[in-house]
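The same chain A turns up in both complexes below, where it pairs with chain B and then with chain C.
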Partner chain A sequence: MTLLLSIIIFGVYSAALLAIGAVGFTLQFGVTNVLNLAFGSILTACIFAEYGLTGHSTNLWIAMAVGAASGAVLSLLIGHVVVGAFLRRGATGFGIAMVTIAISLMVQFGLEAIQGPDILSYSAGSQATMNIGGVVLSSGQLTTIIVAVLAMAAVQVLLRMTKFGLAMRATAADVSLARTCAVSPARTRAVTWLISGALCGICGVLLGIGEGSFSASTGSDFFITLAAAAVLGGIGKPAGAMIGALIIGIVSQAAAAVIAPSYKTIAAWVILIAVLVLRPQGILAEFAADRELVA
Partner chain B sequence: MSRGGHRARWSAAHGARLALAGGLGLTLAACAGSAATGGGASPAGASATLEIAAFSPFTGPNAPYGYFQYTGCVAAVHAINAAGGVTGHHFTCTIVDNRGEPADAVPAANNMVASSPHLVGIVDGDSGLMSATVPLFNQAHIPDLSAGGDVQFDKNIYPYFWRTTPGDDVAGYTLAAYVKFGTGFTRIAAVFGNDQAAQGNVPGLVSGARHLGLHIAVSESIALDQTTYATEVQKILAAHPQVIVTESDPQTAGVLLGGLKQAGWTGPIVGTSGTLGIDYDKAAIAAIGKAAYEARFVRIIQYAQQSGLAWQTWKSALFAAGSLVKDPASDETAIYAELPYDHTTMLALAMLAAHSTSPVTFNPYIEKITQGRTVVHTFAQGKAALAAGKTIDYVGVTGQVSFDKYHNSAGLWAAENPVTNLPVKLVSAHDIAAAEGH
Partner chain C sequence: MTSGLVYYLSGLAILLGINLIAIWGLDLQFGLAGINNFAYIVFQAAGGYAAALFALKPAKAYGGFETYLGGFNLPFPLPLIGAAAVGGLLAVPVGLIAIRRLRADYQAMAMLVLSLIATGLAEAQTGLVNGPTGLALIPQPLVGIVHVTPLGYNWIFLGLTAGCCALAWWVAHGISRSPFGRLLRAVRDSESAVAALGRNPDALRMKVLIAGGALAGPSGGLLVEYVTAWGPSSWLYPETFLFFTALIVGGKGNLAGGALGALLVPIGIVEASRHLPAFGYPGMIDSLDWVVIGACLLVFLWFRPNGLLPERKRVFRAGRQQAGGTQVSGAFAQRLTGSR
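After this line comes the complex of A and B, so read on.
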């Protein structure tokens, strides 16, 4: 019984961590149509930024705020300035993806060059724990789940109940049509890069705290699973990313308990492939028509 | 949530300080491309400077190990050159950066062999690369003295490969021997990363436990670099172990040990030499606190002496090597540096014994210089004894070398406190033999 509870609770925790990042990643892709493969490196850079700026903050909420701000700024710089410059020169989607890979490697190896290969210890917030039916959950893990729920709710409210959310959806659906409705795609995309970066930063800080340490490759490695959650749910669909994260989180924990820990990652990827065989577009997304790339 | 990646595994360690190594590793690596200037297995010219290659990661997460290889090599070369070298030749150490990855190591090895006419020996130690690189070195007829623990080389078939540390499976037997004779506990949780290096310990541990009447209560092969191991921890604790035996990379260890603490585990933890290093220490201390780490964690590693002529000579050479060694005070008890020091010294003594700097000629003498009648502890002693027509038995800073027919030689072992780096209990050869069922 304790094991089952552990699977559920820590499956949800894993999903929460993934979902925060995956929603940011997929939201940005959905609106800008840019496959930002530098997302993982931005995530790492946010942890470094938070670590450097606050000197290892002991307040979790301040840490998340700094992480979010760092991510927003970095994301806007990369998305609006660097990627924007290439888009204005008529770069293709594939070309832009390669640019983001280049940015990712520059950030990762730049951080490694500055910091060296060593890992850094990282902690913030209370070390308190709570016992739920024999399963001990730390305050950091609980906070991660709460933050994920709040972030997911906020994104849904933003998309469904605000004028700007409408503009985002309009830009995602049809840029030309959005323009005729007085929506500024450029402004919408810029704000989307900001929001995506903020979620990336929060995810990074919570990841670092959850693991207790980080290195220059922390975000890049985590990004693979994060992107998988987004693809599973339907790339460009925030709600889908949440579902994808939940499936991967629960399945991986269940595999660790029922099969063997070595199979937890394999099981998650088997599920991903199985779902994509049945629904190549992901759980929630429809097949997208050719979409415009606009700076 | 795998965030895996190749991780180097070196089969033995003692008291190492990896902290400073990363930065210097990067600096050294910047020179790596141009450092190797000699090469091949041909006899060196009359006055050529002979090269010993430190074939290691000098960039990437395992860069600290490269620093140690280089440190040991340059200290030995300093002592060899100070004693007049070999048949008029002096030596130099070259850095060859393999980045700790087979994909990088193979081209690096090929390039090194092809472009280094005065290369006469290699010192290395990465378990994960051996199956890819040792055949290349052997084909080039370059003697390779290794600290790598890949168990495939327990029955090595390559004549130019020599190993003065035991395979990782022997390390596993040693873990069982320590649990039996060092702790008195009988119920073991074996928790190892699912990488090749960590898993290399498991067969020896399981077999050793069986021979010693211990019980493996649970054996978990954990996927590396996950965001949580809470479910795995629940399974481990449900088996009611008395002691946890483990190896994983630092970040995995941080999450795992944090999970164990969170779940209330307060028992002892025994690590392998793969848990050595400042990164592991940082992650573990962040996870369970320094006091608990010092009180409840030991790592079983190969033990090297810290006194006697061999050690004094090693220490002097280390400090005399000048700016090439970044922090000799920290490195003087680092077995990852002591091993390549002995390996380099053995190469030079083999050349003296063979009266040749040709690898093809002196390679068999690598074994012969450990089998002679006159025990020597330094290169200078060995050179003098050989000049006097004696046969030598080199017993260096890492102790007696006794190669078996597979060119493998085991060493001494100890349980070491991870904070003080002092041995808390020696694991005798007798205890290890009992674990092996002898």
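After this line comes the complex of A and C, so read on.
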């Protein structure tokens, strides 16, 4: 019984952590139509930036704000400036995948060169814990769940109730039609990269706190699980990413508890491959195969 | 030249040969047929493991300090042939994902994840290939039969590598210039044209995936037999991009480009940085190598996406008869489908 409860509670925590990143990833993909394989490296860079700027901060909210800011800046630089330049030069889907991979390698190994051979320990906020029916949850984990709920609500409000959200959805649906309706796709994309980067940074800081330590490869491993959530839910759909995160979170916790801890990520990755092969459009969403890449 | 330098250079030549075989294999899949195989390193890894398991004695013979499946103690050259077979066979399950009609970037991600899953499984299943520690004490070919100095053995191994390179060149060049090679280029450039001419693009892709895998396998096998150890940390997913960078820098779609890339990227960048004056902590230069490789990839994708030696444009001329449009396309169709 405690096993089941712990699978559910830690599953929800994993899902919350995944959802913050996955929504950022999927939102950016939906609007810009660029599959950003450097997302994981940006996530790692945010933890490094936060660690370097405020160190073991006692205030979790400041840590998250710093993570969000560094993520937004990096994401804009990498996504809007570098990838955007390649897109304007006429790079295709495969070329863009190559570009984001190259950036990802540069960021990840650049950080590894800075980090040195040690794994850095990391903490922020209070160390208090909470007991739910025999399952101990740290305050960092609890905060993650709260932040995830807030972020998900904010994204939904942004998309459904604001004018900018409308512009984002218009850009995602049809660029030329959006342009005729006085929406600037370039500006919308730039802001989307910022939002996606900010969510990525928050996710990174919370991941660092949850793990208690980080290294240069933290983000690239986590990214694949996060991508699994986004793809499962139907890539480009924030609501789908939330459902995907919940499924991946609970399944991977169950795999870790039932098979072996090392299968936690493998289970999520197998789901990702299965979805990509069998139902690339995911649970929700229409398939974006025919959409063209535009700068 | 001092004997130390000679030993070093012969070792370098062996590594160049091993990389050359792997890059030609990838060139068949990616350069010729346009398959974005971001899991290519798994083929090399599988070949390496296969060669190791075929060459090793059963685990008990070494006091059981490592655990693995099999251990067949086969004599040279059977482990290398086995590596080629395993590399080729692996293409069949991988092809189920690699040949799906997906958006190119989805495909890239799926292949990347496949590579990560392979690493994850090799680490998690400790009984398979000794888990994260990897295999060690892998017997080298002909050791015990020939009795030579380490330098002499390097020369023997270099000869063996050169022989394998020649064989790989023969295979890759043969495919590239054959009617089958023309078909593969057609699949890359216009899949629907190939389908319209009654050829199955997926079957063609599967064939070249197998051919590329059968080259990656022995390259892994040679590497493992040369360094005598092989573990999951030797074939992490970034290694695939070492080969991709080599192809993009050298020039994809032609063997000379691949060879130039092999000389410049895996040997040039990675080896040259070893001779820099030491700075930072040990391992820092290795990390910076990857930053340089990523930068190279970006610079070439921006300025020279076809590489230093671009693929020759193959323009079909309708012979001397200056035929009209329909006849040209008829002749073109004949050439394309390989019928004589």
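The working rule: the second predicted complex is superposed on the first by the 268 of 295 C-alpha atoms of A that agree within 3 Å, B and C clash if a C-alpha of one lies under 4 Å from a C-alpha of the other, contacts with A are read in each partner's own complex, and residues count from 1 in each chain.
Everything that follows uses one rule, which is that a residue touches a chain if its C-beta (ideal position, glycine included) is under 8 Å from a C-beta of that chain, and two chains touch if they have at least 3 such contacts.
All values derive from a computational prediction rather than experimental measurement.
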{"item": "First, second, both or neither for A:Met242, with chain B first and chain C second", "value": "neither"}
{"item": "First, second, both or neither for A:Tyr13, with chain B first and chain C second", "value": "first"}
{"item": "Contacts of A:Ser262 with chain B and chain C, given as first, second, both or neither", "value": "both"}
{"item": "Contacts of A:Gly116 with chain B and chain C, given as first, second, both or neither", "value": "both"}
{"item": "Contacts of A:Ala22 with chain B and chain C, given as first, second, both or neither", "value": "neither"}
{"item": "First (chain B), second (chain C), both or neither touched by A:Val251", "value": "neither"}
{"item": "Contacts of A:Thr218 with chain B and chain C, given as first, second, both or neither", "value": "first"}
{"item": "First, second, both or neither for A:Ala63, with chain B first and chain C second", "value": "neither"}
{"item": "On chain A, the residue positions that both chain B and chain C contact, one per complex", "value": "113, 116-117, 221, 224, 260, 262-263, 265"}
{"item": "Interfacial residue positions of chain C with respect to chain A in the complex", "value": "36, 38, 96-97, 100, 102-106, 108-110, 112-114, 116-117, 120-121, 123-124, 238, 241, 244, 248, 280-284, 287-291, 293-295, 297-298, 301-302, 305"}
{"item": "Chain A-facing residues of chain B, complex", "value": "1-5, 19, 22-23, 25-26, 59-64, 194, 220-223, 225-232, 234-235, 238, 250-251, 254-255, 258, 262-264, 278-279, 282-283, 285-287"}
{"item": "Chain C-touching residues of chain A, taken from the complex the two chains share", "value": "34-35, 37, 82, 86, 89, 91-99, 101-106, 108-110, 112-113, 116-117, 216, 221, 224, 227-228, 231, 260, 262-263, 265-266, 269-270, 272-273, 276-277, 280, 288-289"}
{"item": "Residue ranges of chain A touching chain B (in the complex, touch as defined)", "value": "2-3, 6-7, 9-10, 13-14, 17-18, 113, 116-123, 129, 135-138, 141, 207, 210-215, 217-218, 221-222, 224-225, 248, 252-253, 256-257, 260-265, 268"}
